[in-house]
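This is the structure I have questions about; it appears just below.
To keep things simple, chains are lettered A, B, C and D as they appear, and every chain counts its residues starting from 1.
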């Protein structure tokens, strides 16, 4: 008897109460982005490297004979370090670089602040 | 009492203006202290280029205990001494490096007296410091292999290195080559031999460098991996 | 506080000997006038005079092989001579003074003793080498101990003496010394008058009879190493007698003489007890040679801090180093102070180095080196080594 | 407090007055930035329409004034007591004497100087307050009053004002085709912007980090303008010099000893645990004595070279005699101490040019680096124990 009654309770249709929508946060996009991710590759000078290796292979790894290629490669690496450093600095400060398509979160925030959502 | 504090304050050139000292890593100097330019000729260069004016307002760090303005003082040799040093025993390390220089001179002079040709004689470098510089320059690698994990597999990826790092590796190799010897040969003698060899672009260390380059060449397909 | 660093610096050279900067050879690049400033062609020590002070003279290869083949030139200096391809000594005041004295001595009077003393590395041993060269060239019979510390502190082998109770023999070293003696004096020992005066009975079968050649006596010591120490004593007595007779004029030279009076030797009895140097057999012979009870000879000895243990290296003065016993044994003697380089000697030495291409010149080198080395010859050599 | 006093001596460039009169000229009102004493009305205002804010302010001001008055009296009494204790005349007892007395009576070894006992006039001890910023009817004097930080925003306002003016000027010059004179260009090397705390003190307002950053950015932009030298005074008001050179050059005049030689003694030359004193005699022959020994006092070459360094750098090697006494520490430290002493003493015998070179060579800086202490819970100063999971 007891079992039966409990079964009855279960089979009873649950009354559907409509969940009222609450607007916890305003229904619009925020004007800022958080600074997550943002990993960047620092692969560079692949071409120069392969040229250098080709020269090395030709000359049995004698560096003296490939000084031109080696210098080119090293210059490339040095330039790359310099540019990436300045770029990083600008990104950290949030200074916008004209023509730059990949932006850091700080740069984005600066941009978003300049052009806020229409209210 | 206060008179004295005042004088000390002036003397020390310390900037106490801001109570917060601008930290510079673990250094005990604030970050706006410039490193001393202790060689007379490098100061002359600065005066010529007019950059000395910029330094005139900046406080200088005290010169280190192994820095002097003497012509015999060589920063690279000092660095080598420091790399050779164990447990802060600088006197021993310095002695070893100086004996190594002495040995270089002996070996070169021996060669000098053996050669009969006047022109060949001029070719022989009798300055141990220039030999050291040449040796280090010749042993500098261009690339390095770094293990990078990709999909659970470790790849040895060739990566270009900075000049400073290359210099360190070169000196490390030279010292290691000096230590790799029979027990009857002294470190300073072996190091001298290695330095002379490396200065002539031969020897074990040069071979080591070329081996590294060979490996890099073999692994050049991974070069585009680098940090993600 | 500093003892450790002192020890460290002198560790490598402790068993060797401190040198003086002196050497030279074939002119390379310098003009003759400049050459004159630091080098003299006068290789006869007899003719060295005050005007040669601070100059380098060359020891010929034969002389060197004769006198210094078994030591007498400190090892660090020996290496230098090899590098420089020549053996050159600087003519310095102390050695010149002694040579002058030796030249003018009245040899019918008892033996005069000279004691060279000075700080570590001031050039005592090389002064002695210069005097030895003089002695060799002017026909002295040379009795030369290259470095006494080698016997008392680094002996090759020791055994209890069979002939004398309580004494210890250093037979290997003694035999080596006899060989040294023989090579240094072979031209004199062939003198027909050089005969032994008494019979020497070594064992039942071995006898060196009176009237046999001194050379035989020496050879016996070399061949029968067991008797080498006793041979030295016998030889010393014979030398004294022969000198008294006027057959030889003898020059006794001992480097590190104070080791004869320093009690802490590294010579042990069979019971592992430390032996006092006076209880070493060979000491007897040389003690009697440095005594003044004979004539027609001279003795030049050096006293050196390095001949004794490090912990006792307090002073370089003879009274301290010889102790009361040694001082009284030598008294009266002529003390000769070997000092650091003078200004002239320093520049001459550096000029020599430059000529030999040993230092790479730069402006201000002389002053810097002088300041750092304090004009001490050994230190100067060390300071110049990596330049 | 002591430090601040000294600073005043060192940097005469910095305005000494603490009165906030920077903006006085601009909006014509001077009352908002004066000291309390001047601005507190002595008689009760008779007007009825006095605002609530003014009332509250007046109450507060009176309270503060009473408090300060009490403090001042106490200070005066204390000063006289102290003078009596020290057995001096209370009338001529100065602040310096007070400091001496406090130092003498309450010797303190506390590391932090601020934590040591002190006795200063109450004006220095208690922070300054802003005077009334509004009139009796509650109307603020300053047009930026409602920003909450009127002085700060006034400075920004000034910057922008100057910027506009300078740009206008530059345009006019370009039209006239005149290039800015490069000799006149503003040289800020050797100066740095005042730090946040000093700025707060100057403005009598607390400002946030972002505000400070903004302030610096604005100034950087202002100084980048080619004609910025025209407003030099305004810019230098917010900078402070990095290093006062005059003090380095200020060599003591040498004394004359009985032989007619010049000599100078440098006491307390420090390096690590070593302390020494150095006497330099001018004209000399290059003799050096260390603890009654020659250069042989130092066994290692490096220490000897250290002593040589200042001498060869100034070319005085064989021109002076040196006597030194040194104790404590090891050979390297002792050599370092003597090196500094010799360099410091040599200033009296060489010209300004060489002194400046010596400074750049790092000879005149005291090397105050010392061994770092061992910390509990680790092996040494930095090295940690081997990490064990448990």
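Operating definition for what follows: a contact is a pair of C-beta atoms (placed from the backbone, for glycine too) under 8 Å apart; a residue touches a chain by one contact, two chains touch by 3 or more.
Which chain is which protein? Per UniProt: A = CHCH domain-containing protein; B = Small ribosomal subunit protein uS7 domain-containing protein; C = Small ribosomal subunit protein mS29; D = Small ribosomal subunit protein uS9m.
Computed from a predicted structure; not experimentally measured.
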| item | value |
| --- | --- |
| Contact-richer chain pair [C-D vs B-C] | B-C |
| Whole-Å gap separating chain B and chain C, where each centre is the average of the chain's CA atoms | 45 |
| Distance between the centres, which are taken as Cα means, of chain D and chain C, whole angstrom | 68 |
| Where chain A and chain C are represented by their mean Cα positions, the distance between them in whole Å | 82 |
| Interface hub residues of chain D, defined as touching at least two other chains | 300-301, 305, 308, 312 |
| Residues of chain C engaged with two or more neighbouring chains | 5, 9, 364, 368 |
| Overall pattern in which the protein chains touch one another (line/ring/star/complete/other) | other |
| Interface residues, chain B side, partner chain C - complex | 70-72, 91-92, 95, 97-99, 101-102, 105-106, 109-110, 112-113, 126-129 |
| Complex interface listing, chain D residues touching chain B | 2-3, 6-7, 9-11, 96, 99-100, 103, 189-192, 195, 197-198, 240-245, 247-248, 250, 300-302, 305-306, 308-309, 312-313, 332, 335-336, 340, 344, 356-357, 359-369, 382 |
| Contact set on chain C toward chain D in their complex | 1-2, 5-6, 9, 364, 367-368, 371-372, 374, 376, 382-383 |
| Chain B - residues contacting chain D, complex | 1-2, 5-6, 9-13, 15-20, 26, 28-29, 32, 35-38, 40, 43, 52-63, 65-70, 73, 90-91, 94 |
| Contact footprint of chain B on chain C as seen in their complex | 5, 8-9, 79, 83-85, 356-358, 360, 362-365, 368, 385-387 |
